[in-house]
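Common to both upcoming complexes is subunit A, partnered first by subunit B, then by subunit C.
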Partner chain A sequence: MKAYAAYFRIRFTAGLQYRAAALAGVVTQFAWGFLSILLFAAFYRTDPASFPMGFSQLASYLWLRQAFLALFASWIFDGEIFSLIQSGSLAYELVRPLDVYAFWYVKNLALRLSRAVLRSFPILTVAALLPAPYGLSLPAGWDSFGLFLSSAVLSFLLVTAYCMLIYIATVYTLSPLGVRMVAVAVTDLLTGGIIPLPFFPDNVLAVLRFTPFAAMQDLPFRLYSGHVAAGEAAPALALQAFWLMALVVLGRAWLNRGLRKATIQGG
Partner chain B sequence: MSGILTPDSGKCQVNGLTPWEHRRRHVQSIGVVFGQRSQLWWDVPVADSFLLLRDIYRLDNATYRQSLEELTSLLQLEELLQTPARQLSLGQRMRCEIAASLLHRPEILFLDEPTIGLDAVSKIAVREYIKRINKERGTTVILTTHDMQDIEALTERIIFIGKGRILQDGSLSDLKKYCSPWKTLTVEYSGGDLAFDSENAFLPGLALQSAVPGRAVFSVDTKTLSVSQAVSALSQKVEITDLTVTGASAEEMVAALYKEYQV
Partner chain C sequence: MRLLGKYMLILLKSQMQYKTSFFLTALGQFLSSFSALLGIGFLMTRFRTVSSFSMEEVLLCYSVVTMAFALAECFFRGFDAVPAVLSQGEFDRILVRPRNVVFQVLAAKMEFTRVGRLLQAILVLCYALPKSGIQWNWDKILTLMFMIVGGVGVFSGLFLLFAGLCFFTVEGLEFMNVFTDGGREFGQYPLAVYGKEVLKFFTFVVPHALFQYYPLLYLTGRSDSKLYMLLPLLALWFWVPCLCVWKIGLRRYRSTGS
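After this line comes the complex of A and B, so read on.
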């Protein structure tokens, strides 16, 4: 355990060094946030009744998403892992008395968390100061806030477990490009990264709600704003926990099989 | 043998364990250095990589510190420990890699082309370190290399592998049987002329390869004529001022081996 904690610490502190990148990220996230708000505001003015949630709830959703992008985005990967798979330095991971899945998992957690720490506070602060309904409003209540935090942790772990599957696919395919492109395009849409999930047509949502995608970032934001009432949260959280366990178990089995069959190329 | 790959068939036991079946237990007692890849974390100082390895191998502080001190003095790492790995030269990095692989005092050290790409001074230094590690710590060293000088300097037992099979298993002198019996004699002389015709009626087994006034190169077929006989015969003809005897190079020996087994 100590090794994983030590590795987390090393990667986390290393991640905190990238201040310029964080600044650039913050600016990007502001741009995205403002543009999304303007876009939805235009639709809202046309027909408020067709919206599945109130505008201030939507604004909170969008700002939270931007602030915590590093935690929940499904397209944030650690390039080192891809390159060590492709170059064969994977051999060194196998020569350590370590669980490779756990090692990579912890590395990803550290990467995302260090980025989130650097970027979230400026965005949260500015969004909170914006005039209602365009800014980040207060949570719907203490219980909503507590549920938001629990769900956010589960989402964070779930998204990381999902990304592990992409790394594991690369162990089989060597080049990550194809898998990444398809996975990122599909996942970003289905997790509510382009438009929030409540805006999807009802028949699509009915199926989507049971997939891991719905559990990956949509739920915490809606818990925060009360769109999902505190009393109704339990089954959704249970589903998150279920998908987390399922993806971890699946990932580990898949990785072990891949490593057994691995060939280290390049002498 | 390191447990990284799983073979298609066959048996292998290292320290009583099958490497690929008990990978994590097995790797606890081995160290590995790949000449062409780095195990040190790129952007942190070498000392930090060592600390992480201490945690990975679960060493207690006392053992770790003692091991680190020994390796630092053995490999002269004092000035390198606080440098990030990316700033080290290849020779410096190789010393750190060897230290990293030995921190947990493995019984077996696997070295995959450890001197590849190194300059002459570093190569000699690395060979010296390997010899000392073997002597002072009793570590079994298994070396993969194409560098004949590595082999000549370090090995007692050589296993020659080709196409998934063991082709030769013996000492270096066993392998040298594949050496050709010809030796090259380069003579610098005065007071005479050794540039007689290459048909060589002078002495059977001694053939003139090239000659300029004062310097001649001969090949000696040691099956017919010993080197000392050749030298004494030549010294009766002229006054020898300088003499060099060389055998077939180790590369030629290996090439002959490859050819024999069609590897």
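After this line comes the complex of A and C, so read on.
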């Protein structure tokens, strides 16, 4: 356990060094959020009755998404892991007296967290200063905020567990290109990365609610603004915890099977 | 010109060496624009119109922008490699060859996998064209072509601009993606949707609206002005300032050695 904690600390501080990249990320994420909100404002003016949530709820949703992109986006991967699988350095990972799954998992957590620490605060600050209803408003209540925090932690762990599945698939296929591109395109849509999930058609949403995708970032954002009432949050949180456990168990089993007959590339 | 053809053939052949990878990447390109398309579909079926533009008109806009972006990426993404070439000190090699620098940079890299995105745009165009209720005549067909040409011009101009700026910074400028990738994502809707200020920005600073919003007004019969039909060609002048930045950068270029 100590080894993993130490490794997390090292990767985390290493990640904090990329400040120029973080600044560029902040500018991009902010512009992206700003244009998204203007787009939805146009839809709101056209037909407010068809809007599935309050406008300021939507604005909070979008700003939280932009600010915590590094935590929840399904397309953030550690290139090192892909290249070590391809180059054959996977052998070194196997030699270490550490669990490969936990090792990679911790590495990804540290990568995401270090990026989020650098990027989220500037975006949150500016978004909070924007005039209502375009800015980030306060959470619906203390209970909503508490639920948001716990759900956000679960989402963070869940997204990372999901990304582990892509790395593991690469252990089998060796080339990350195909699996990764297809997975990224599909997941980004299903997690609400393109348009927030409440804007999906109701019949699609009815199914999507029960998948791990809805638990990856949509749930905490809607808890924050009270779109999911604090009293009704328990089943959704339970489902989230269930998916987290399921993906970790699945990932471990799949990785162990893959490593038993893994091909080591190169010499 | 014949040299360009040779280059293209070689690049195509080399990319075809990894056939599975090629088709999977093309499929990924197709899927990623498809999920963007689903996003538009979901929003437009819910709201029916946005700022008085119908679903078919938005789709027309989407396909023009996507097509222009795919073409620009296919043939002009060579500029993307400039930061890497610069920091490795390999740019000197390009300078000593007796050919145009821009030509060499472009010919060194072409992404034929963008055919996935292009295919998507063509399919959407085939769907939206008959359904949009536009009375087609030669002027309008010409306008549509101008839009695509102008779009390729603006996107490639942006790629050129970023490459030119790299002479000053040596590293890539990630936040510039707002104008290229952002231009593609948010250009899926007519730019007036975002309000007057944003429209002005995209008219006078980065001319996305010149090939997208204004000619669309002419296409859909909202305006009769022939000027709007020709604006996409005006957008091609965007290359001039971009080329200037590139030329100035090139003049003050110092090798990073190695």
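Methods note: the second predicted complex is superposed on the first by the 267 of 267 C-alpha atoms of A that agree within 3 Å, B and C clash if a C-alpha of one lies under 4 Å from a C-alpha of the other, contacts with A are read in each partner's own complex, and residues count from 1 in each chain.
In the analysis below, a residue touches a chain if its C-beta (ideal position, glycine included) is under 8 Å from a C-beta of that chain, and two chains touch if they have at least 3 such contacts.
The shown structure was predicted, so the numbers you read here are calculated from the model rather than taken from an experiment.
More residues of subunit A are in touch with C than with the other of subunit B and subunit C. Contact with neither subunit B nor subunit C is seen for A:Leu174 once the two complexes are overlaid on the shared chain.
Once the two complexes are overlaid on the shared chain, A:Pro201 sits against subunit C while remaining clear of subunit B. By the touch criterion defined above, A:Ala24 reaches subunit C but does not reach subunit B. In the superposition on chain A, A:Val182 contacts subunit C only, with no contact to subunit B.
After overlaying the two complexes on the shared chain, residue contacts for A:Val249 are found with neither subunit B nor subunit C.
When the two complexes are overlaid on their common chain A, residue A:Ala234 makes contact with neither subunit B nor subunit C.
When the two complexes are overlaid on their common chain A, residue A:Trp32 makes contact with subunit C while staying clear of subunit B. Contacts of A:Ser50 after superposition: subunit C is touched, whereas subunit B is not reached.
Judged by the touch definition given at the top, the superposed model places A:Ala42 against subunit C, while subunit B stays out of reach. Under the contact criterion defined above, no residue of subunit A touches both subunit B in one complex and subunit C in the other.
The part of subunit A that touches subunit B in the complex is made up of residues 2-3, 6-7, 10, 14, 87-89, 91-92, 94-99, 260-264, 266-267. Touching subunit A in their complex are the following residues of subunit C: 20-21, 24-25, 27-29, 31-32, 34-36, 38-39, 42-43, 45-52, 173-175, 177-178, 182, 186, 189, 193-195, 198. Across the complex, subunit A is touched by residues 2-6, 20, 23-25, 27-28, 30, 32, 34, 36-39, 41, 43-44, 48, 51-52, 55-58, 113 of subunit B. Here subunit A touches subunit C in the complex through residues 21, 23-25, 27-28, 31-32, 35, 38-39, 41-43, 45-47, 50, 175, 177-178, 180-182, 184-186, 188-189, 194-195, 199-201, 204, going by the rule given at the top.
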